[in-house]
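Here it is, the structure in full.
Letters are used for the chains, namely A, B, C, D, E, F and G, taken in the order the chains are written, and counting of residues starts over at 1 for each.
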Amino acid sequence: MKLKPLGDRLIVKAVEEEATTASGIVLPDTAKEKPQKGKVLAVGDGKLDDNGQRQPLDVVEGDEVLYSKYGGTEITVEGEDLLVLRESDVLAKVTG
Amino acid sequence: MKLKPLGDRLIVKAVEEEATTASGIVLPDTAKEKPQKGKVLAVGDGKLDDNGQRQPLDVVEGDEVLYSKYGGTEITVEGEDLLVLRESDVLAKVTG
Amino acid sequence: MKLKPLGDRLIVKAVEEEATTASGIVLPDTAKEKPQKGKVLAVGDGKLDDNGQRQPLDVVEGDEVLYSKYGGTEITVEGEDLLVLRESDVLAKVTG
Amino acid sequence: MKLKPLGDRLIVKAVEEEATTASGIVLPDTAKEKPQKGKVLAVGDGKLDDNGQRQPLDVVEGDEVLYSKYGGTEITVEGEDLLVLRESDVLAKVTG
Amino acid sequence: MKLKPLGDRLIVKAVEEEATTASGIVLPDTAKEKPQKGKVLAVGDGKLDDNGQRQPLDVVEGDEVLYSKYGGTEITVEGEDLLVLRESDVLAKVTG
Amino acid sequence: MKLKPLGDRLIVKAVEEEATTASGIVLPDTAKEKPQKGKVLAVGDGKLDDNGQRQPLDVVEGDEVLYSKYGGTEITVEGEDLLVLRESDVLAKVTG
Amino acid sequence: MKLKPLGDRLIVKAVEEEATTASGIVLPDTAKEKPQKGKVLAVGDGKLDDNGQRQPLDVVEGDEVLYSKYGGTEITVEGEDLLVLRESDVLAKVTG
């Protein structure tokens, strides 16, 4: 990955809908704010708290996550459509 | 549960209205912001406070809670309709 | 009471208008934000401050309070109409 | 006084306009946010600061104060029209 | 002065436009937010910071100041038109 | 300079456009928020941080700065058109 | 570079679109908030945190970064079109 996100940001690649049926997670279109599933390609070092301490993210490279799509910024790297998100856009980690 | 919520989030499954009559809690449709009753399936590790300390949630897996429905994000996992909430959306725990 | 409010919330049951004349507190309809009188049925454990310390509420179960009605969420428990409030919705305690 | 205000609130009784000419303070109607003069009947114990310390109010029962009328909540106690204010609504204390 | 401002407030009496030519400070009408010059008649004890410490104001009684007029509350004391301001409304002190 | 700015404010005198060509800095009119170049005539002592410590400004009297013009308040002192700014309006110092 | 950005700001020079194909990063026009790639020419010393400690930026002079274009202020220095940004406008560093 040629990009190192800054602060509390991360870069994800969306996992196509069909793949989700394998792990059972389907994201209904009707949902007001349609969440999306994707793979984490890179994470930032985290924000500094009030005492200047770095707060690492709760997700790491390789995690599969569920996130609200409308917070991110779209980019394309070597033909791949990616999304730059903030950690607060991530709802949950897919563990199973 | 295949999802681990992040930070101060939790995942709940709504309890259908009829079941509520058993425990006596009925949620009037007229209410401006109609609260909902549901079961907690998973909780996050909590947010970091200003000193970088983790603040665990006041609810745990298995709790029955009352929450305002309009804050969450709807997802479906293995055919089950679930809701990803923030702890601040939870009004109370059903104790009896 | 089968509900344990979360954080800085409390559950109150409104005291009907007529009863107020006994203690002399009448809440004029004309008031922009018509305050309401009620009895506290349950209180939360309080919010965590910036240092992760629990801040107990200034009201306890059994107190009679004056509150602004428009902040709460209406629920019905065993046929009783109740209101889930935040402590900041409570204006004063009725002491006499 | 049968009411104990909560946190940083106080209860005042407005002093009628004519009385003000004695102390010389006249509140012009033209003022965008017409301030009002009144007597403090009861004060709260104050808010908690970030370290959980109680911050007492700068006004006490019996003080005469100048306040912006539009912040408060009107109530009537034993036929008296009173106002529940926040300390931040109080502009100044009348000292002379 | 019969009024003691509260917290970070101060009371000023506007200095009429003509007087300003003496010290050379003219406040153009065209300015979007027309600043005003005036004399400080009384100051509050200052706000409490997060640690409950009092933060005294940077201006004292007798100072001449330049302030943005639209933040204050107009009052009249013994026939004098005065303005109750917050310290943050004060742009600068007139030193010469 | 007869004015002492308060807190984190500073007073600047705009440098006319032609002068900029000497140092090479041209501020395009097209820019949404047209920055301006000017000389610092006076600075405040800085704001107090949460612990009541004074935070001096990063600019001093005599510096040449680039600032966004729309945040300031216009005044005229002895016929000179000046601008009262907040430090956060200053984009950069001109060093060469 | 004749400009020293203030606080958490930085100055970048946009890298023209064609150049990006070499490193593979293409910024789709369709993106709601079209990110831009550019070279860092100068950085500020960073903001002060609540304890008055300087928080240095995560980017340094010479870095290549990806940023959201709409937050900055356009200037021209010696004929070069540059952009003054805040660190929070920077999405990621280009590392490869």
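Simple rule for what comes next: a contact is a pair of C-beta atoms (placed from the backbone, for glycine too) under 8 Å apart; a residue touches a chain by one contact, two chains touch by 3 or more.
All values reported here derive from a predicted model rather than from experimental measurement.
Asks: Could you work out how many touching-chain steps separate subunit A from subunit G at minimum?
Replies: Minimum number of steps from subunit A to subunit G: 1.
Asks: If you average the CA atoms of subunit E and of subunit F, how far apart do the two points sit, in angstrom?
Replies: That gives a centre separation of 23 Å.
Asks: Which whole number of Å gives the spacing of the CA centres of subunit A and subunit C?
Replies: The mean C-alpha positions of subunit A and subunit C differ by 41 Å.
Asks: How many Å are there between the centre of subunit C and the centre of subunit G, using C-alpha atoms for each centre?
Replies: A distance of 51 Å separates the two centres.
Asks: Quick check on subunit E: which residues sit in contact with 2+ other chains?
Replies: 50-51
Asks: A student should be able to answer this: under the defined touch rule, what is the ring order from subunit F, with subunit G coming next?
Replies: F, G, A, B, C, D, E
Asks: So in the complex, the part of subunit F that touches subunit G is made up of which residues?
Replies: 23-28, 30-33, 35, 49-51, 53, 55, 58-59, 65-66, 68, 87-88, 90-96
Asks: Name, in rising order, each residue of subunit C that touches subunit B in their complex.
Replies: 1-7, 9, 11, 42, 44-45, 48, 50-52, 73-79, 81, 84
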